[in-house]
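What follows is chain A paired twice: with chain B in the first complex and chain C in the second.
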Partner chain A sequence: MTAEEFVSQAVEVWARPEAPAAREQTGFFTDTTLCIGCKACEVACKQWNQLPGDGFTWTGNSYDNTVALSATTWRHVAFVEQMDGQNHAPRWLMMSDVCKHCAQAPCEEACPTGSLIYNEFGNVYVQQDICNGCAYCVAACPFGVLDRNHEDGKAHKCTLCYDRQKDGMTPACAKACPTQSIQFGTVSELRERARRRVEELHARGETDAYLYGNEPAGEYSELNSFFLLKDKPGVYNLPEAPRRPSAHLKPNYAASFAAAIGLAIVSALCFGKRGR
Partner chain B sequence: MTPIPHDDGYYGLPMLKRPLWGWEIALYFLSEGISSGSFVLGTMAELFGDGRHKALTRHARYLALAALAPCPPLLIADLGRPERFHHMLRVVKLKSPMSVGVWAMGGFSGPAAALALKQFARLEWMPGRMLAIAGLPFAFTMLAYPGVLLSTTSNPLWARTRYLGALLATSSMASATSALAVAAALDPKSSDSTREALHRMEGVAKAAESVAMAAYVATTGEAARPLMKGRYATMFRIGAFAVGIALPALITFGRKKPGRTSTVISGVLSIAGAAALKWAIVHAGRDAVEDASLNRAVTRADAAHPGWAPEVAVRTGVLAGSVGRSS
Partner chain C sequence: MPGLGTALGRGAATTFQEDLQNSDCILIMGSNMAEAHPVGFRFPMKARERGAQLIHVDPHFTRTSAMCQTYVPIRAGSDIAFLGGLVRYVLTNDRWFREYVLAYTNAATIINEGYQDAEDLDGLFAGYDPEKKSYDKKGNSWQYEGEEQPHKSQGPEEVQTQAYSKRLASLENPIPPSDPELKHPRCVMNILRRHFERYTPEMVAETCGCSREEFLKVAELLCANSGRERTTSIVYAVGWTQHSVGVQMIRCATILQLLLGNIGRPGGGIMAMRGHASIQGSTDVPTLYDLLPGYIPQPAAVRHHGTLGDFFEQEEVKHGYWSNLPKFMISLLKAWYGDAATNENEWGYCWLPRLDGNYSHLPTFVRMEEGKVRGLFLFGQNPAAGAPNAKLHRAAMKKLDWLVVRDWFEIESACYWYKGPEGTDPKTIPTEVFFMPAAALPEKDGTLTNTQRLLQWHDRAVDPPEDCRSDLWFMYDLGKRLKQLYAGSQRKCDQGLLNLTWDYGYDKPNVLPDGRLSRIGDEPDAEKVLKEINGYTVADRIPVQAFADLKADGSTACGCWIYTGVYPKEGYNRSRERKRTPGVYTSPNWGFSWPHNRRMMYNRASADPEGRPWSERKKYVWWDEAQKKWTGVDVPDFEPDKAPSYRPPEGSKGMASISGDSPFIMKPDGKGWLFAPAGVKDGPLPTHYEPIESPVTNPLYGQQQNPTIKTFDVALNPKSAPLDPEYPVAATTFRLTEHYLSGPMSRFNSWLNELQPEMFIELSPELAEERGIEHGGWMVAWNARAAIEARAMVTRRVRPLKVDGRMMHQIAIPFHWGFAGETVGAVANDLTSVLTDPNVSMHEAKAFVCNVRPGRIEELRRNAPLIPAPWPTYRVAPGAPESAQPEGQQK
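For the complex of A and B:
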């Protein structure tokens, strides 16, 4: 790279091309009652997004050898075997986990470079040409979605197939899902569809079905990628009530500045005439 | 295959990702605290000292720059893509404490460098007091933001409390006071009144740090487990508290003006304690995410945080006896 190229690349960072016009918000509705654990979503995601393999190990955790979402795994199918028959007939729960695309995302709030943005579809998106790998988003995400890839040093997560959406296509995982467990669409339409699905399941006697993230909960925003679950969130490794990291930003700053300025005032007294 | 007990989470796997910050950030917090703290102390001595603490202000100006110097390299080394460090300067984002910290350090570096240069090259035409006052807001921000940055995450060890910012800020002020007290003890040009003032200030700063530490541990509650009982417990209890606070207090306790040797010893211990505190807090945050049951416990639904707890499931008994129970 010549010196000139280096300078022009460095300066380009400040360029602000006009943002595309906002479109209707899109998201995922993942209905875990329809999931059969085929992992087609994992494979389709890896293939479309050209994500490298993560090696292979037998975990012994049912059929889950993927373990968790990571910088190179943006869909992860969880397998929960409940064969003890304590509260219900023995069952096998499966759930395709993904970035939650929070309406007010802690990662987006934390990002100091402006790499993490909401794109025109309202999806939380990491701009790879901006991210410098500070890893604040990794610590901020309450779902453990984001991670930094040790090979390229940048944060990665589900893009909700931004590139496919731009061409009017369905994200790869939803397209590949053979049971419509993963549904893609506009958020308003998905919420309505999900509500009807819960009603339908309840009418059938499956009263433990409920929606995770379809509406704001206290300080935490609604999730634009939300789920229909059959057991407590913790069973799927989800937090029951995620906390919003920036909820106490002002009182935290207030206490901290008060401590620093208070000690400065004390020092002024110590150094001043009164301290003699 | 072992069946999964009902409230045991997901194969004991962590819910969160490990924070990637390590020794660079721990040392950065120590160094930027000494830098901004000594800037504030030097400025206070200059503005309110009636010319009695000239040596202190001189030490403070050099120390502010010397401790600032390693900060940018430490921060850049911590990045996944160090050559993109300037991407931090694309945006000013008040909701991101990291962005606030970057800009505070940028604003601070000007006055800190100018004042050290003015002193070194005897540039009398430079408006020293104006520069010092201009640097104060940035210095206060650098003192205040590190703990707030850690608290604005999902890490149970950092995010459960409102007092982590105050703990790191008081620790920074205390370690800067100790560093200046050591300098004053070693410099024969320092006046007795300077050494007495610094001794008093050290006492107050240490007391404030102890209160902040107690408040931090108490408000973090069970989530302080990785720090109080984990592998950083010794560093936190013995290093940060015993070596950093209790021992220096014991050495200089009750003396109006401790001797030079004991000032140096207690000052060095204090700074070592501040290093242990910041090291332990940064590193124990990694262990905190490995404790899956702790993470479930601290994100449980309550009145203020309804979450998406399945009411229907509660009513039908699927969750009977498990809501609110610690796992």
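For the complex of A and C:
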């Protein structure tokens, strides 16, 4: 082996392959008015991604027995029984929840290792070989999407079926949904479709229908996986105004800085007096 | 399925699921479609998005109800009162489709003078024999005027089968006396009016427990969405069939749809959702004891069926399509017995087994419990948990000498001999149980015939693991071994077996889709079986194209005449086709739909008597005057070149006797039967009877329950009398999306189990408070047959109903659990009872009574659940590259 060869091989180890070219952003539009609560999305997700069952606990909380999104449940169907007939006819709301793939994701901002990235489809993705299990992302996500698995200690969440997308396939949950409650596509197209859907529902008299996460709200960015809801976000266990920790960085740092200075002065005064 | 067959001609869904998207209104009743058929439910959802009204009428509020704009709760088993009320509403408010009804139904036909209605006899019809509990003495009193009682041997009730010929009923005069003015007091329309006169909205409310306004809203929606421009469809499933009056519930829906002019039209019809994959297939190529393939009756020893000539004489239907019976029957015998079937030996007719009693499922298990059955094969069936009165079924199976269970997992019916709620001691059970592992769907070739008569082929993707084998392999091998065992026998009774054609082995190498040779060398070629079912000409073994090609001279062979056309030429399997036709929602090149790839049956009715579409919006099949033929988006269910103006000459037979404006070509008079002069054994018109176990007295008639039910009064099958104060709570069973039937395919899968991990019972907060039952706590439901425990799901989705002037409680029980599998729970079917309705030997699992209390059953031995399956990704997929390993989960 010549010296040049040795050098080039040694350097190659550190060379990065070129990042895949950015593609048009993709996401989900989940229309809860079409959800029949069949949970095919949950099963399709677990089957494709080979996620384990989370144990057999009957909750008695309507038909929801998987309770929440977790490291091993990346789609979760919420059931809300509103059978009292107050304000509206008796109804049973169903919603398939998933990672929101935020346009400006707190988890990605919080990740210290660079494991959490935006992939070429603009989806928020956890690179398992880089994740060190620090769980900053778990604390950062205002939706409770990210979770650390106790078996491998790493953070897991919906990949938006990155592997399927790379092969030009629809994510498993959207593919399995029998009623097109879960729609997959480019974000720009989905937003347009969702806007028309809301107009259609309003024209039909269903004026309580609205989009959640379709546009930026307050300190939070728009969501690339967004929802059409029929009741307040809280009813579906979604935050009314999600918080983005990084938006609070400056004031929080300033506050702690101020507090530190204040405390320093106070203690200086105290000790200074005593010393005298 | 005589509910549909008697009125319309064929016992199958009149339409197809895709067509539901064209409905303007869909009434879902006796079906929990969103939960039990979630994939098909996309079409009602599409209809809703196009502006259709969806209505769900059901004892409890399900995921289906949640999707419908209108939900009406009713008491389990009161469906005929509700439907009868709808029929009355349509008639009294003059909302029926006059031109359709007069042209296409027997509304104007005059009935014999001897006819007496349930209104005259307080719930009975003319001719009831209380000793035999049947309408043996009816003679010709239910018949069309002028029709004599056919001089044919009737034999005992149990061998008068679901066969076409019995349901269609033969007529001597295919153009019976009628009164188009509808003035004659004995014309069907006036009998119908009198029969349903008392089914007023108030009576419906009192009987069903819904409010008068809720009922009227449904009635108005149906009427407003029917007629020339609009159509309504009705969807039902086992919530109608599993009743002692199930057939009559379906009959009543048929009457309603005929009156509203909704049969045979896009967005109309009656969609019968089947309870199980390929149940339609298992009645077409039947697993039923009383039928040969294609609804040909099984010959009976107790009827005058001695020779083939006798058989044809008895089963003959002179008018309409069924007049071709000899062609179908002789072709079937030729397919089964091959060269051994000759004209001299009546094509082997003497080798067919003869019926001498009722060998349907329930009577067989009752006999088994009496120790009269020695052996049993179970293919994909789980009676130990899934059959009505499962406790009786378990007890019966403990009396067997041997039992063969073929399934994927060790299901309840394979382990009942050492576990179960009774605390079984294996030492006391003499049965030798053989558990044979079965191949799963992707591991074998074959077809499924779905709810809309659609045959869809599935190709084997991989070989089944280890010793798992397909059912076809098992049957074929068993047949070969039996033939070997009896080889050389001269006994007459063995000749049928020995002469059976049994040659389905592969001619070509048996190759898997990936190009490798299959590990299972002796797997038979499923396409060969399909080819035999399709039929072929005997001389050259070339497949026949259509059942019109079949002959009665032994020159054609055909395993099931209604499936003819599925394999029209060598190497062309239409059930394998998956072609979408852009813009054509009937998708004629997706699978094969019997008969003759027709998607919608009776579609001649989508055009008016002159052959023009009823409206532009609802056009489907019409007469093209220029080309002199029927045309449209589907295969016409009519002779393709018979003009609407055709009138049968005097004395015509067969299809020639069906006029050009009679869409129901299977019926001898070509009409839809509002009134059924024959074909149903418990009355020519549907009548509200209470379930055999009911918390109320029949509000309409002195006759409490269906007078023709057969009950089985054995120790393990006690029943409580009507209004038994011990059991005041009405109960029904239902399905969840997450599980399948009694669980053999779902309770061994942790992905499904985690979604619905435990047995529960749904009850109203009112009942829970009355009994001190807490939501999420344990409760016991018990009745005369058994007690089960479950978690209490207290929910407002179940409502107490006001029935007969008082509050009545109802509970809903999912029937998916048993004592085998990853999750275990009480067997809901231990509470249900064994009885048979007179038409199809059906039980009544959808309406019974029980009582409830908080707490548990201490003496019940708890069966420890199996540990959940491990995280699959811990096992690296062997032989697969890293990139193909599950996403992001490698260790």
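Just so we're on the same page, the second predicted complex is superposed on the first by the 239 of 276 C-alpha atoms of A that agree within 3 Å, B and C clash if a C-alpha of one lies under 4 Å from a C-alpha of the other, contacts with A are read in each partner's own complex, and residues count from 1 in each chain.
Note that in this section contacts are C-beta pairs under 8 Å (C-beta built on N, C-alpha and C of every residue); 3 or more make two chains touch, one makes a residue touch a chain.
Just so it is clear, the model here is predicted, and its values are computed rather than measured.
A simple residue count on chain A separates chain B from chain C, and the partner touching more is B.
In the superposed model, A:K39 makes contact with chain C only, not with chain B.
When both complexes are overlaid on chain A, the residue A:G60 reaches chain B and chain C alike.
Once chain A of one complex is fitted onto chain A of the other, the partner contacts of A:Q50 are limited to chain C, with no touch recorded for chain B. Once chain A of one complex is fitted onto chain A of the other, the partner contacts of A:Y253 are limited to chain B, with no touch recorded for chain C. Judged by the touch definition given at the top, the superposed model places A:V7 against neither chain B nor chain C. In the superposition on chain A, A:M83 contacts both chain B and chain C.
Legend: residue contacts after superposition of the two complexes on their common chain; A:A22 is shown touching neither chain B nor chain C.
Shared contact residues of chain A, touching chain B in one structure and chain C in the other: 60, 62, 81, 83-84, 152. Those residues of chain B lying in contact with chain A across their complex are 1, 3-7, 9-11, 13-21, 40-41, 44-45, 47-50, 52-53, 56, 78-82, 84-88, 90-91, 93, 95-99, 102, 140, 143-145, 147-149, 151-155, 159, 162-166, 168-170, 172-173, 177, 193, 196-198, 200-201, 204-205, 208, 212, 285, 289, 292, 295-296, 298-302, 304-313, 316-320, 322, 327.
Of all residues in chain C, only 34-35, 38-39, 41-42, 45, 49, 61, 63, 65-67, 71, 736-738, 750-758, 760, 775-776, 791, 793, 795-797, 822-823, 865, 868-873, 886-891 touch chain A in the complex they form. By the touch rule above, chain A contacts chain C in their complex via residues 34, 36-40, 42-43, 46-58, 60, 62-63, 65-66, 81, 83-84, 90-92, 94, 126, 128, 151-152, 156, 159, 161-163, 178-180. Contact residues of chain A toward chain B in the complex are 10, 13-14, 59-62, 64, 67-68, 78, 80-84, 86-88, 106, 109-115, 130-136, 138-149, 152-155, 202, 207-214, 217-220, 229, 231-243, 245-246, 248-249, 251-253, 255-264, 266-273, 275-276.
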